[in-house]
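In what follows, chain A forms one complex with chain B and a second complex with chain C.
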Partner chain A sequence: MNELIDHPLDEQAILFIAALVIFTSFLMLAQKRLTSLVGVFAWQGFLLALATALSAHTQDIPHLYFSAALNLGLKAFLIPWMLIRLIAKFDMHREIEALLYPSITLTAAASLVLFSYYVVLPIEHLSTLATRNTIAVSLGVVLLGMLLMVTRRQAIAQVVGFMAIENGLFFAAVAATSGMPMVVEMGIAFDVLVAAIIFGVFFFHINSSIDSLDVDRLNRLNEMER
Partner chain B sequence: MTALYLLIAIPLAGMVLQARLGDSRAAGPWNVRINSLAFLAALWLAIDIFNDGPSSTNGGEFRVDAFNVYLVLLTAFVGLTTSIFSAPYMENERLHGRVTAKRLRLYHSMYQGFMLAMYLVLTTNNMGFLWVAMEGATLATVLLVSLYRTPESIEAAWKYFILCGVGIAQALFGTVLLYFAAGQTGDNAAASLQWSVLFEHARELNPQVMSLAFVFLLVGYGTKIGLVPLHNWLPDAHSEGPTPMSAILSGLLLNDALYAVIRCKMLVDGATGTNMAGYLMMGFGLLSFLVAALFLHRQKDIKRLYSYSSIEHMGIMTFAFGVGGPLATFAALMHMTVHSLTKSAIFVTVGHAAQVAGTQQLEHIRGLIRTQPAIGWGLLIGTIAIAGFPPFGVFTSEFLVLTATMQLYPWLTPLLLLGIVIAFSGLFHHIQPVVYGPAPAGQTPVEANLWPVVTHLVLVLWLGLAVPGVLSQWFEQATKTIAGSLPL
Partner chain C sequence: MNWLLAAIEPLLFIFISPLLAGWIKWVKCRLQNRRSPSLVQPYRDLAKLFRKTPVVANHASWLFEATPYIVFTSILLAVAIVPSIAAHLPTASIADVIALVGFLALGRFFLILAGMDIGTAFGGMGSSREATIASLAEPAMLMAVFTLAMSANTTNLSSAIDYVQDNGLVLRPSFIFALAGVVLVAIAETGRVPVDNPATHLELTMIHEAMILEYGGRHLALIEWAGQIRLMLFGVLIVNIFFPWGIAESLTLDALAIGLGAMVAKLMVLGLLLAISEMMLAKMRIFRVQDYLGFAYLLSLLGMLSHVILEVG
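Let's turn to the complex of A and B:
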């Protein structure tokens, strides 16, 4: 981490990207159209890859370049592409989802970010400014991803939330520890890829079962009635 | 370590093989054969460990010690017996047209995929890879939950996927924090995610970061254990999937998730020197135990009934590991074994019972002892065992947990006793008419292989009467490493 202090400009750049990343998380919460939601998600993936490549450069860790490329390919291109294709297939690209209480959602989102800064306080005295901020931001991205999943009813939007959580975790790994060991990173990427494929399969199952992708209608298994 | 490589290579090969021939009539028997081979490999590994003590592979990526070796053996054993049950069961499902050839291939291939993930979870030494394997287990099983493609099963699978996916993401965040703490020590060797290295350097890890990490790890892996209030996916996934899946989910997956939590707890205990992790686990465990015991009463589906019983028992184990100390830890280790044996035996009989009655609704399954005595008695004895009656092993381990609680936290004992009584009455209130009573017309016996049930229950009985020397030696060693990291 000491290298970061020697490169104040790089540190500023990473902090700036971190701010953009959390901004994209807020944007996602406010998107009504599924296609634009996926678009914002792709931008977030791109920003993460950029931040990773920048860390790789400043800290001179070659294997981070590889993670950056992996993340770029998966989160900025492959998964958004798969989702857009599915949206087109289910003919939902025009559909506009009414957001429930958008202002409350965004206020809750802001408090979640504050909360994540509070949670990482114990880490404060351990590390440099950049790390502290980025860990808080990454936890914020994780929590906002969850919020996205909670507030949406469309299965595809929930999957975007799921993948945004993965983004937050990836950012945490890069920011706090300059990347997990290679084998772990490969494993995580593999899991994410398989998860994305299984989600795709699920859309078809759900669609054929309830004739829509509105998961609120999945309500047969209810503890109260059983 | 050849045995270890074999143990991992066999299910991997099985996965590929079953992806090709999984829909043929030979798939069931092949599943049994592959699992027997894996069981032999596990046995070989166990003998190695018993003779030479803990050992790890060259790079230290895999490590087997007294704590995980018995779980490996248990996993291989339950995997084998469940596959013996699965062969005629799935054949029957196919004859009734509930599964297509493609889904049968998926089922058999993913059975092996799940076993592979379980062996990896247990034997890996890398905390990051542990997470990867745990997520792999979810991915392998999620499409099996929706194997029948009924609206209910698809809903259950979706719930399982989303809840476990989000839950386990928390565990990854915890793992990142763990890695962060390891990096802070400034020691290059500790800056890996290898558990054995971290364990040696546990005292140097920053206690605050480790406490924070543990909260995330417990919530994450706790979702998979089925701890209340993160348990919502569990009854659904267990009740809607094919019964062999329920047996291995309940008998293996829950245990292995708990195993992951204990590994993390050992690190956190070493770092903080307090019982912070233990208190958290006690709280979650006790809550799960009591809530699940109450929920037992209102179940209408036989598989949901027993999945709540699984939550209840996982609650006891989590609680006992949280209490810490040699006695409670020993009891928890033993409870892991007996619960997994008993519960998978119960799910096997429940699967047959549901096929006999043609439904999973408790009120429509009646008089099993008259229709098919073997299944009726199997269910009754299994239920007696799981409810904690002597002389079965569950009684012994629950008794030990109670004793340990009495010593350390006497004021919690009444709650435990109350929970046990509530759970017992809940189970018997439902199962008594299912087993006894007049059999309705239309219930016909099915072809069933009850050897797995008999073997499991005999083993549980044996463990209740006397713990064999090999096992008690492993239990003691594991107890020493788990409880030893905490100054009492």
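Let's turn to the complex of A and C:
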């Protein structure tokens, strides 16, 4: 048995942060305001960076410190700042999105986490790291990010969901295999950055063509209101 | 000797409990730059109510008169289960924490019935609100209890306290989530500030007070006293399960004195925190209480999930 008490304190801390990461994913699903959604997303990025730095410390892999710093800079500060600026530019920081069936969404989220736990169960035995239990959490973060994209209508909220999916993948890499090679990691980081910029451009296009960022209105084929 | 102690401890508990209510009020008044009533004011109020003749409405059935006694007895039984000063009293092995939740529910059930018994509009309104809150709070409470029980492999409170104490300081995500869930539930169950305001009798917002509006004299005194005991019960439950350090493991005089001191100190800190949080928060709309309790349930559920996923595997 691999009980929690057998781990040293810093590994316990990583597991604890993993629990907080999945908690932020749940919080994101329940946020009604776009600015607070982005705020929670920034916290998730911060927690991820912290977990990465801690696993760099416990496993003694110095290059993880670098990816922790990259993660902190990009996902805890730069991308949230860009999103907040976009929200301010579209004058949406006061807008409250009515969530469709919030309690059903949260129940679905809890069952998704359980589902990812059962899916990951056989994979976990392949890894020898002490933090391998967090693979289920990272898959859960990926699925909850998808759920966020499915349940929201605002384009910005969907982008946050997309970034949360990336957070989950990054966390899986750190927790299961002590991080990806440096080149891959930097490539992904810049991909995410570029994606954020391109999304910003897309927002302007969507906004100029349908005069709103509500993507449900893209379903309509004709331009005239009937 | 053990049984004597098991009889003394709940008595001590119920006689201290008005002091906790007085302490919270005192801290709150000080924080608001007001002059506070004396710490023993709750005792004076209770004594005054006990001296008065209870007046009962013409239409009241036996249920109305029996309810204060049932409420008080059920909370007394609940107190006997919870280890406050010493763990491993003989009463602790009689019932476990699920029975504790059951005792709390029993008292609440009769209070709800009594609220509807007279047939006033306020009583029914208060009862329906209380039932709504209780039905949402109870699953969250039980889920947090199950989280604890899964870690400690027992539902007995004394053994669970042993387990937490033996392991020393372990960063358990499940305990932190369960703690947060229990705190939210405790605030709702004891009718404190964001859910209910114990200090007002404003018709449209009150929950607990609406149910007991028709009570007077010693009936009201018993219900008020039971409310104070319930507040302290949740306080002791929170501090002794999640921070059990200091509780008397052996039944020597020294250990008991330390246990009493530790409990009083922990409760004072908890009362301080409660007063501060009540200062900062405003009472929320009644329709938002379900979101609040849903959040409490989510926290408890996350506690359970993180136990299964992160702590055992």
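As a convention for this text, the second predicted complex is superposed on the first by the 205 of 226 C-alpha atoms of A that agree within 3 Å, B and C clash if a C-alpha of one lies under 4 Å from a C-alpha of the other, contacts with A are read in each partner's own complex, and residues count from 1 in each chain.
Everything below uses one rule, namely that contacts are C-beta pairs under 8 Å (C-beta built on N, C-alpha and C of every residue); 3 or more make two chains touch, one makes a residue touch a chain.
Values in this document were obtained by computation on a predicted structure and should not be read as measured data.
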{"item": "Chain C versus chain B on the shared chain A, clash or fit after superposition", "value": "fit"}
{"item": "Touching partner for A:I188 - first (chain B), second (chain C), both, neither", "value": "first"}
{"item": "Touching partner for A:L126 - first (chain B), second (chain C), both, neither", "value": "first"}
{"item": "Touched partner set for A:I198, first chain B, second chain C, both or neither", "value": "first"}
{"item": "Touched partner set for A:F16, first chain B, second chain C, both or neither", "value": "second"}
{"item": "First (chain B), second (chain C), both or neither touched by A:L112", "value": "neither"}
{"item": "Which of chain B and chain C A:S209 touches, first, second, both or neither", "value": "first"}
{"item": "Degrees between the directions from chain A toward chain B and toward chain C, using C-alpha centres, nearest 10", "value": "150"}
{"item": "Partner chain in contact with A:L78 - chain B first, chain C second, else both or neither", "value": "neither"}
{"item": "Chain A residues touched by each partner, larger count belonging to chain B or chain C", "value": "B"}
{"item": "Shortest CA-CA distance in Å separating chain B from chain C in the superposed model", "value": "17"}
{"item": "Overlapping contact positions on chain A, where the chain C interface meets the chain B interface", "value": "none"}
{"item": "Residue ranges of chain C touching chain A (in the complex, touch as defined)", "value": "167, 170-174, 176-177, 291, 294-295, 298, 301-302, 305-306, 308-313"}
{"item": "Contact footprint of chain C on chain A as seen in their complex", "value": "1-5, 9, 12-13, 15-16, 18-20, 22-23, 26, 30, 102-103, 106, 110, 113-114, 117, 121, 124, 133-134, 136-137"}
{"item": "Chain B to chain A touching residues, read off their complex", "value": "61, 126, 128-129, 131-133, 135-136, 139, 142-143, 146, 149-152, 154-159, 161-162, 165-166, 169, 172-173, 175-177, 179-180, 183-184, 192-193, 206, 208-209, 211-212, 235-236, 240, 295, 298-301, 304"}
{"item": "Chain A - residues contacting chain B, complex", "value": "119-120, 122-123, 126-127, 135, 139, 142, 146, 149, 155, 158, 162, 165-166, 168-169, 172-173, 176-177, 180-181, 183-184, 187-188, 190-191, 194-195, 198-199, 201-202, 205-206, 209-210, 215, 218-221, 223, 226"}
